[in-house]
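The structure's right below; bear with me while I get my questions together.
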Amino acid sequence: MNAIIISAVWGVIMMFCSFLVKNRGSYRHIAAFGLLTLLVANIMNSKGILLFDIDDHNMFQFNSFGLYFNSIAIFSTLVYVLLTGKEMEKYGKYTAEYFTLIFFVLCGVAVLSAYNNMLMLFLGIEILSIPLYILTGSDKKNLKSNEAALKYFLMGAFFTGIMLMGIALVYGGTGTFNLEVVRSTAKANGSSALSFLEVAGLIFVFVAMAFKVSAAPFHFWTPDVYDGAPTVFTSFMATVVKAAGFIAFLRLCEIKVIETGVAVDKVFGINWQLLFAVLIVATLLVGNITAVFQQSVKRMLAYSSIAQAGFMLFALFSLNDLAREGILIYAVAYSLATIGIFAILVKMKDFTFEGFNGLAKKQPVLAAACTIFLLSLAGIPLTAGFFAKYYMLASVIKTGSYLWLVILAVLFAAVSVYYYFRVIQAMYFKDGDALTEEVTPSFKTGLILLSGLIILVGVMPTLVLNYLYF
Amino acid sequence: MDITQILFWILSALALFAAIMVLVSKNPVHSVLWLIVVFFAISGHYILLNAQFLAIVNLIVYAGAIMVLFLFVIMLMNLNAEAEPQKNNWMKIIGVVTGGLLLWVLVSAVRSAADMSSRTATLKTGDIGLIQNLGKVLFNDYAVPFEISSVLFLSAMVGAVVIGKKD
Amino acid sequence: MPIQYYLTLSAILFCIGVAGALTRRNAIIIFMCIELMLNAVNLMLVAFSKMSPAVEVAGTNGGTDAQLFVFFIMVVAAAEVSVGLAIIVMMYRNVHSIDVNFLNRLKN
Amino acid sequence: MIPILLIAIPLVTGFAAFFINTDKGAKIWSLLASIITLAIAVAALCEANTSSQLSVNAEWLPALGAKLSLSMDGMAKMLCLLTAVSLPLVFGATYKNTYNKPGNFYGLMLLMQAGLLGVFLATDALLFYFFWELALIPAYFLCSTWGGEKRIQVTFKFFIYTFVGSLLLLIGILYIYFKTPDSSFSIQSFYNTKLTDGQQFFVFWLFFLAFAIKMPIFPFHTWQPDTYEQAPTAVTMMLSGVMVKMGIYGVIRWILPVFPAAVVKFDQLIIVLSVIGMLYASLIAIRQDDVKRLIAYSSIAHIGLMCAAIFSSQQVGMEGVMIQMFNHGINVIGLWIVADAIEQQLGTRKFSELGGLAQRAPGLAILLVVMILANIALPLTNAFTGEFLMFNGLFNYSIWMAFIAGISIILAAVYSLNMVQKIFYGRTMPATEYANDANGNIQFVLALLAVAILVLGVYPQPVINLTHDSVQAVLAK
Amino acid sequence: MNELVYLVPLFPLLGFLINGLCRKQLSKSLTGIIGSGSILVSFVISTILFWQVKSNGALPVDPLFTFIDAGSFKIDFAFQVDQLSCLFLLIITGVGFLIHVYSTSYMHDEEAPHFARYFSYLNLFVFSMLLLVLGANFVIMFIGWEGVGLCSYLLIGFWFKNDNYNYAAKKAFVMNRIGDLGFLLAIFWIIEKFHSADYAIVFANPQGTLSPADITGITLLLFVGATGKSAQIPLYTWLPDAMAGPTPVSALIHAATMVTAGIYMIARSNILYTLAPSVQAVVAVIGLATAVFAATIALKQNDIKKVLAYSTVSQLGYMFLGLGVGAYTGAVFHVMTHAFFKACLFLGAGSVIHAMGGEQDMRNMGGLKKYMPVTQITFLLSCFAIAGVPPFSGFFSKDAILSAAMQSNMLYYVIGVLGALLTAFYMFRLYGMTFLGSFRGTHDQEHHLHESPKAITIPLVVLAALATVGGLLGIPEVFVKDSNWLEKFLAPVFAGSTALTQAKPAEGNSSMELVYMFVVAAIIVAVIAFAWSKYKKYEKTTEPETGLGKVLANKWYVDEIYDAIVVRPLNALAGFLKNVVEKSGIDGFVNGVGRFVQYSSRQLRLLQSGLAGNYILYMVLSIVVLFVIFWNQTQIVQFLENIF
């Protein structure tokens, strides 16, 4: 609860800053400070110290997992703000408002990491999405930004409708919006255990969630929106928001899939795994294959984020302890690496692969850091990305079935190496003068620290995970 | 076949007809008007179902506020039948067919839900739709979501300003 | 009145909305169709709220929460509309068109 | 303790080397580092296999059941020695070559050595996988930064090819990991895991593909000639001298004991593949016009023999493989040194542009002849013992396989002598008209190698004894 | 006293090392002294050993060190000196020494480093040859076996500037390798059965361990090895080309010693062959065929060394015939005598070539009798020896073989005799064309025709003497009772075989044998007379050979045939693999995967049309599809399980 309230409040504070504080440069410091407090508050929450005594009437179900993810999300946002917060000042004069919206998004993230009721899921998703529509369109004079915002908004609204239809059907089937359905008479006498309405509804809800985490075939908005949105906001969308979507999705599945599966697999023989297998295959295919041919690094990263989503879906597929841990590691590894890459990308004058030619000569630090981030995304050992993928594969192999899925995933991972390494080749082995904006030493230090963190997690993933069990 | 059933059929027919008209009418303004008709029909259903509060809110918020907002925008852009962009017929047919497929999916889902066949929606009776009941629940159990939705509104407000404001 | 009538009705309305979103290019009309979908959902929820015999589950307040959910849906819809129309207007300012296919720079 | 040092020293010195800018400094630094590593590897030889100095067992990821466990048995000692020996030789022989960004070059070389040593030392599957990749990454950067003109595509193909293999390996490791009774990655629990035949047949291939690509076994070999041709020769020496041993080592250490049933089931197939590969590579080598490609293909042929010998799973053959891993390492490094000397001096590797070099560079000629004789496994050169034992094992497995594989001995003579003749004999060509003998370093290193070749050829027993225990251990399973 | 054994090969090795490493520093004379001296020393030691053996039988074997101990078997680096090996020791070191001496003069025109290189190679050869004959097990023999192959390669290609020489050298090495493969497989087979390769163990009681099939296989494979090394059909073609090397090399390696390694090997493993009569028959037939075949070719060669080369092949054929019919002593005997007279012939030819300034074509010679008498005399004696004129050595050795052949199969005998006649003819054709008649060369050639220096003539004289009297070591039983010293001397080596073949009466109808012997001798003399008279007045003719002559002059086109059926197809195959299978096939597939990915990427991205309407359409459709999948999931899962 701490995080939800404080993020909302701090959002309001930022709002007031927009006319109380004249110096636009200081906004991001205030925001950073706010994020720190948020982080502290959230950690206090996970240690059981509640700042606010509120009876949420079982709307929320705070557990260490959700709270821990929340801290991760806040931390990533902090890193994000510190590395690229400055860039926001490029887009109009509404810097403070942007921070406001980011805080609201974090509020949505906090909701999604703890919701226990379809209504909260719905609200959380909306609180997550609406600010993003705006951030996407924040570069108002830029037609690409407009287009992205429009597409994002229309499709987002459409899938809000789909999700609501799903929720309605689930309600029809269960008579409640709570996630845990206390099936009083249900479990006893088989078939009445759950109505097919609930199953159908769940499919709709899953589809809507799949849309939010940009899993194929509901990914179509992703490349265009990520490409059109101002790069600095793309970075945020692609990392924190997407991870939050996965946490919400995972929470939904852990409760719904498991109980419905258990309740009725004799009755309908429900096999949610098949559904997710389809999503995974489609996502990996689209993400990896399409990324191969991209000419713009930014768009390539958009597709790569789809591909990564394909890997994260494994957690929903296998739904075991490894999956839970894995999605956390994945959130850390993927978010940090992507934030880092985008931080470098916004410094580039030219977003095409050629734009990176010879970066290693002009900006060795940037190139080295970028390489580490890319290696992490590609899942090379000694980087966090390896353990992210490791956990995902392990969770599936542990279930013992669908090994072909793992092999397929691995082959696609090899494909992903193709497009990640194109950047490395451009930076190191091709000649050219990569044009960058001026790079401050502090920025470089930030990058170095970030890459150090990634390698540390890559060697000692347990450092991240152990907190989960405090 | 008592009056409520007749009303049900009439309202349903109206709602469907109006909804279809929303699609087919060339002029955006007409679409808006037809949509309002749909909302009225649905509000009628609410009343049939004895959900007066929602019926009123539906009229005030949707028909009253939202649709008017739509009208403003359309007027402001003075869109009309001529300016209306048209998809080629193939796309239209495909769109309709796809909608039909989704309908098929939904209906078959509904029909395969065996436990629904025996159930009915009670009309005219029941007081859960009354404002005091709703209010009680809203401000006890649903206080938190209610507050949180304020965040939603704030962000929407900020957004509207950021996006809409000329600079 | 059998509940399935209501379900079917709202399903049809929902799909009309979907079909509208698919067949029109005018952003505002598409948006309106989405509103139509939401209303279909509302109708379904209200119908469920009055369903008898209700699906008996512990710890809920009969049909009330369904109707409150409808209320929240309307709230959110209102918020979305404000943002959505703002975006559409912004786009109209830039390109003097609200054809969703007019802007097509982002592809492949 | 020793294993830690073996890995740590190249690792640390390697990273340090990145910050050295002067050519000379980097060379001296890395040469010293590699010599220290060599000293430690030699020290390891003196330790008894049971010595506690030779094994390290520390916690790493308790949650995953992965330990930081390294240990050296005979085979590991031998391969570590090879790895440690080869780097000083390479540095010495290419001492005169200059690279831009020397610090990075030598740093990456040392890192690669660290990875290779790790692979040979790790007795924890996850750790093994880590080093497996760690050895690959520096190789990638080395090849595509300092390689020939087609370096980027070629190296990239090499990288992706091997990467696919290693990912499959990862799946296999995980699969067994979940089958292990104590869900741990330690090699012992891998050995103790009882897999059903069905599981073995499936996972076996996941492992074998990874190793087969690395070795490489026909038909997964096509990355190799291109890579060897394009890579800077110093790197090629490490690749063909040491890195291919990773695959063989993997098969011996990780496949034979873990999948006995699968080995029995598939040995026929794999031996046939290897033998085909031998003849295929030898035939292609006959028609090569490029020194480097010729050596590459001849190396493929030799590796094929080793793989066949392994899967004939005869003690004799296994002994042969052990000794041959070492011998092939130093022989092929010698060949590459000669190739490099020629290319550095004359700027061409084409036979059609070479000839008559024996008159201009008699020293190089004689040393090359020694290398070539080792390459065709002439008695009293080191390779003879290995190939003799391997063929013997193959013969015990099947006389016909031995016969067909034996044809490659003849072909080997053909292409090896072709090489000598086209480079050194006959009349001088424009390219070789004013050539002079190879510089001192090269001749010195080659002389060292030649001595080693002859000594090991006359008295191979020490190496056999060194690896005897490993062979017993493997065959016991 | 046994350490002497190790000294025998040690000295040539030292000579090799010294000459090889200090080739830049040493002066020619010093090199020559070191080279020949080392051989001389080991010759002396060999004689000592010989007397030891002669007095008190074979010396005991004690290993120097363990060469390979692969657990399942153990191979020692051990030497064995018995009657057979010490006989070979004498031949190798003795003839070797003479040829070294000869070389010091013959190779004198080379500049110092190459001169030293030559001698180091030569010493290395002697070293390997000694290993071959001294080895106490097959592996050591194989080491020497390959070693001599290497040296012959190096020496044939000694003048490496000339590419044809290099090709000849390569051809020799590769063809030897083909044989070596057989030898190697035989060794594996033996090791598999005996878990050892020691003669002592293998020959102790082979029939106990080996099945008849094993014996047949092993002996056949060994024989394949022999055909390679000893230039028998089908692997003989390298030997004539090997004449590219310096003439002393041809004398030492390609006449006296190396090529007889095959005979040594089979004689060494005689017991196995005696146990495999079928293989013996093969050996005999091949040997006989080679003898006659090569002889026919020799009839029409004009290159003096080529003639000698083919005669060598043919004589080796006789030796194999001997082995084939079980006359092991005869074969070894012929090896010895052949070493004498063939070495002498080659050296004589060398001296002629030396005098003619490198000219090797006999058509440009003639009448050299008066210019170089010593050479001529020694040459003539050797010719008589090789032709088998009594009482020259060749007569006895060849007779030993032929009489054994007669006892085993009359047909062998007849054909063998025919070969002998051919031998007599072409040898005296050679002699006549070279030394008789009038000189047919150019004037300046004639101008500096001269007798060769002492270093060349002395070895000639010595060898000629040996060739003349050498036969007395093995006078057949039919003349004088137990006069055959060699037979008795070698008896222990072949004891096993003789024990097995007691059935045959040692001397059948000796009177018949005598008659045959002298009839043949008479015919041979007649042939010699004919050839003499025919080629005394030989005139250079320009019209090309025709009919059979042409075929013979072209060596029955064997090289061409091999080229057509082996070499070219192999090259074509290699080219096909390199350019088609490798490039387009395997690598093509690998790259094809990559290209396929890029292609599908190019196609797949078209889905991203940029039109929001289409996006929504796709997504709604996929919702429907998901539902359909969901409803039919049971079937689908079934299907998947069937696939994977």
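Should a chain be cited, it is by its letter among A, B, C, D and E, assigned in written order, with residues numbered from 1 in that chain.
Going forward, a residue touches a chain if its C-beta (ideal position, glycine included) is under 8 Å from a C-beta of that chain, and two chains touch if they have at least 3 such contacts.
Bear in mind the structure is a predicted one, so any value in this text is a computation, not a measurement.
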Shared interface partners, meaning chains that touch chain A and chain E: B, C, D
Chain whose Cα centroid lies at the greatest distance from that of chain B: E
Taking each chain's C-alpha mean as its centre, the one farthest from chain C: E
Two chains joined by the most C-beta pairs in contact, as defined above: B-C
Chain closest to the assembly centre - both centres taken as Cα means: D
Where chain B and chain D are represented by their mean Cα positions, the distance between them in whole Å: 72
Chain centre separation in whole Å, for chain D relative to chain A (CA means): 43
Geometric centre distance via CA averages, chain E-chain D, whole Å: 37
Between chain C and chain D, centroid-to-centroid distance (C-alpha), Å: 66
For chain C, residues that touch 2 or more chains besides their own: 7, 14, 17-18, 21-22, 25, 31, 51, 55, 65, 72, 76, 79-80, 83, 87-88, 90, 100-101, 104-107
Multi-partner residues of chain B (each touching 2 or more other chains): 87, 91, 94-95, 98-99, 102, 106, 109-110, 115-116, 141-142, 145, 149, 152, 155-156, 159, 163
Multi-partner residues of chain D (at least 2 other chains): 160
Contact graph of the chains (line, ring, star, complete, other): other
Pairwise chain contacts, counting only pairs that touch as defined: A-B, A-C, A-D, A-E, B-C, B-E, C-E, D-E
Residues of chain E that touch chain D when the two form their complex: 65-73, 113, 139, 142-143, 146-147, 150, 153, 157, 160-163, 166, 170, 173-174, 177-178, 180-181, 184-185, 188-189, 191-192, 570-571, 573-575, 577-578, 581-582, 586-587, 590-591, 594
Residue ranges of chain A touching chain B (in the complex, touch as defined): 4, 8, 11-12, 15, 54, 56-57, 59-60, 92-94, 97-98, 100-101, 104, 107-108, 111, 117, 119-120, 123, 126-127, 130-131, 133-134, 137-138, 140, 149, 165, 169, 172-173, 191-192, 195-197, 200
Residues of chain A defined as touching chain E within the complex: 150-151, 154-155, 158-159, 162, 200, 203-204, 207, 211, 217-218, 220-221, 223-224, 269-271, 274-275, 278, 285-286, 289-294, 403-404, 415, 418
Chain C-facing residues of chain E, complex: 605-606, 608-613, 616-617, 620
Footprint of chain D on chain A - complex, ascending: 375, 380-382, 390, 393-394, 397-398, 400, 403, 406-407, 410-411, 413-414, 417-418, 421, 425, 428-430, 460-462, 465-466
